[in-house]
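One structure follows; several queries about it will come next.
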């Protein structure tokens, strides 16, 4: 029995970890921490859990959690995990951090994009970037996993095989991403009110979104050098889902078959990445509620570009599901344990 | 291993049965029948099942299904099941019919409301109305289960304890129900296009909806006499969910505590009916994707009425989930097997 | 040229008054007041008005407004208007109050339902309830108009003819109303976040909503005595629109034709009330963006009840549109001036 | 008084022309043609027009229309207008064609992308591409206007100034567009059912959408040579709106100020193009129901690219509104006549 604790349990990502773990027979939720709701019944905040849990929200306390839990999920704002974690905690419990604190290896780059002084620079090297399909073996050994961002997961998985196989020019990559509103979190802001986002589409964080360096790092690892890409997120009027449409110029002489082969090479054995049949474009609804990522690409011979597409549920494969997938790997379980539920459609 | 077949597998209810059974280790989907899509890969129609099933849609054939399957789900239009079923089929396989064919015991009433001549009147008596919380014991023995309608399930469970305990006057019951659009099915009709129903509310089938006699029957059984109620369904711009708001006059001298006690008496031991704490109104999102029904009531002393509320997911507890719950009962399994997933929020 | 000022201009109702007046050639917007946004460009808050207005938000100041404006719209929280208005202001400018302050004649009832001590009880008698179709003549003479609530406008117009003509028993009236989310205002509350209300239906304010006494007053005036009704509002996942479904028992011997005749008698000459053809139920989308109210009724001979339905846009006929209709009447203009735009569909 | 007729009046674009013309005092709707609904009351199909029009749908008859009307709007499928129009009709009435029949000057290119043999090649040269902000003077003289597509209008207006001024490399233009569902028309297809598109995002027509050559033509005219661009449309879960996000590499030495100056140069005097303040991204909701296009751009110095954005209502500026704007120009009226309604928010 794995004992699990969650810090930031009342955010949407924390809530989704609860959904994925609450019925598992091999995992016990020992503590749900929430600064804002300490003392309240968890099922009183997320009423979907009525009759499913009697847990009360507790004050955040990493020390205590490290004593009680085998694994701690931190689904907290940037800076929290880095400011509370230390070697002592890591010696007692594994930590899966859903914030960006340990995703970027270059601390100065992290500090520049996030505007925060990193509080635990000595742990950055040890942290493993938890993109399971790419870093599986290191994750198995990790004490500290930096759970990838929602956009970087979808973006990286959509473009990775083509970059890795040298089929596209990395400097031409442009990523246009569309996200559901859960990605904006549960904070009570006017901008996220129903009537402000319903029936509307907009770009935001244009040329300045913090997931940009994270995506660039992963693409850079794949092609062996630093790259700069364009990344533009958009807000779409739906609860869940990220759709990535990525553009790049094909290297000279690359043929359409090579594109499909590259996806096959990296994903045919993957449980959670589904390469769709030719001509079928990913849709976010087809992965909703599940840990799947659907990918596909179309070659445009007129422009010599390839259009790569990826779709996932930002709260599952883009956050909580991938965190649980990481937990499964770290504890020697089947990677897909508790994660093979079919997507819910409609 | 229970072998299950589905007729009408490409409708929304059929698709939901697939979702609920596809990962079960004690059930095997042996055949998915669909008149419209015979010969096509099921995962090509419902792309959420990519990598989850290789099954192809087959022509509808009840005889063949009865040979192959232990249980047949008919998620088909009114009249289909009655026209294909017979004693021979029932001797080989259990049948759970999601249509209205066997829900109403008075055949003339069925024929009047549905405008169809019943093709198997001799089987109506044998059929058990599959509202598990009320008819559990008979369901265990049944060969033929009439799976309740979505509105009747939600309406009956919301009002049943108060009728049964004699706390309200059955003749004053008014049920105002709101449903998501999956309830209208997957037929390609202009009225169900995105742009026709999005951002809109409307009543339909006013004073004439076919679920009316079904609800009246169940309330009638509870109070021991024939009753007439008002039932008005509405279409709400959302995929899933039914919310029932029901009104009735309290019998003289009834106190608010008795209302809560009545719900407790019938539902405290039920896995899937959650009586919410006082003052908390059911919301459809809190049960989405799950087999739960949330109920509650508010006493209005100004008018001496009680307002009873119920919420469920019309595709789960209102259709496929209840069908699986019935299957579990019929095959001697735990009633909640494969059905305890937490609701998905948001 | 009528000079108009708005207090509470940055709420959704205030914003809608701006939309309705901004292009009128006979009205000039002289001042937009907003406590929260004073000093900011109005088109910076409601970006739909880019290129349409250069007005800046100003501090709220009723005295100053009374000097500058011929008419003041107060689209403010309960209590504001009553606390700032006085005879001096009314001697200089007409006031149309969109809050509930002057809607209820019985001051103790107002104070009980709203939990506020009324600050201007001496003006309550003078105030005219601005339901144009019913109080047209008094409105023409009024200095102070209490603009009706959104639910009361829709509810009253749906049931009024049948009550007035004595066709239904007022004590049996049950009103089940469904509203879009703009009705909840623009305050930054978790409950109104996109992801909290999207894809969900719920009742709220059950047996306790503040619009109840307002509706009861209007029905009471129609039938000449005090009545108590049941009123249950619901939140529906859409921006705009109210749908009212109201139930009542028919008085003995009332025939269906009398119902239609009653609607015709009161509404055939009305510009903004459309009695739909028999069998056509109102839909909120059919009135969106317009000042129309669609009404209809179905007689249910099985239960001897009539189901009355009404649909309007809560921000237009339910708030700003009716306020402008009142202004038109008060200033001797055509009642429909600036208000005959067709509903927007889809 | 301009007499106007509409062919294809029961599609969403036709319906929107009705909305824009129905209250004009200088235009009379003389005939609404609809193959599918001939003989039915128009207000019975689009119930929003109850009390606003008594017109009945008529059979399509261009000859008759040319006799009766001064201007004919054809809001019809590709090929219709070209197959019915001729010099005789054009000598009697102006024609504004909302289909693609006369948008592309290279007939072979039209036939290749649309898979149709052009039935009126002799009229292609005469037709004027009705993008008012660019071809205003020719439109004034035109007998036949090819009303631009929704995506091409938004795309062209977003990138035009930068191409025309030579600030970006046209060969690097990538256009990622998101559209509401009205763009898919009112045909009863499973793919456009509420439950199939709600809560989902997808790309479609990747590297093959028919609006591509139309956009390429317009960009080509601006830079004086043939160009090839990437264009990817997406379906977003909302009724109305197109958001275009376009990417291009800056020519060497181009500074951010030049970008803003270019937009100012072409749009400062335009009624319907609003260049938003620096840092404000267009949102489709801010233009809903109106004829406005909001544009803006962000320079990304890291990648030396510019991200250009545009938002419009696909049924107004993207179809019916622009058609009316064209009509205004052709008949010597103020260009903005009947089109200056404020966008509706929320």
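Per-chain residue numbering starts at 1, and chain names A, B, C and D are given in the order in which the chains are listed.
Operating definition for what follows: a contact is a pair of C-beta atoms (placed from the backbone, for glycine too) under 8 Å apart; a residue touches a chain by one contact, two chains touch by 3 or more.
What you see is a predicted model, and the numbers here were worked out from it, not measured in a lab.
**Student:** Chain by chain, through touching neighbours only, how many steps does the shortest route from chain B to chain C take?
**Tutor:** The fewest steps needed to get from chain B to chain C is 1.
**Student:** Please state whether C-D or A-C has more C-beta contact pairs across its interface.
**Tutor:** The comparison resolves to C-D.
**Student:** Between chain A and chain D, what is the separation of their C-alpha centroids in Å?
**Tutor:** Centres of chain A and chain D (C-alpha means) sit 38 Å apart.
**Student:** For chain C and chain D, what's the span in angstrom between their mean Cα positions?
**Tutor:** A distance of 36 Å separates the two centres.
**Student:** Would you mind pulling out the distance in Å between where the CA atoms of chain A average out and where those of chain C do?
**Tutor:** 46
**Student:** Can you list the residues of chain A that touch 2 or more other chains?
**Tutor:** Counting only residues that touch two or more other chains, chain A contributes 12, 182, 195-196, 198-199, 237-240, 283, 285-286, 288, 346.
**Student:** Spell out the residues on chain D that touch chain C in their complex, using ranges where they run on.
**Tutor:** Listed in rising order, the residues are 12, 15, 18-19, 22-23, 44, 46-52, 182, 199, 239-240, 271, 274, 276-277, 280, 283, 285-290, 292, 294, 340-346.
**Student:** Along chain A, where are the residues that touch chain C in the complex?
**Tutor:** 12, 181-182, 186, 188-190, 192-199, 237-239
**Student:** For a test of understanding, state which residues of chain B touch chain C in their complex under the given definition.
**Tutor:** Touching chain C: residues 174, 176, 178, 180, 195-196, 198-204, 206-207, 228-230, 232, 234, 236-241, 243, 245, 247, 281-286, 288, 298-300, 302-303, 305, 307, 309, 311, 346 of chain B.
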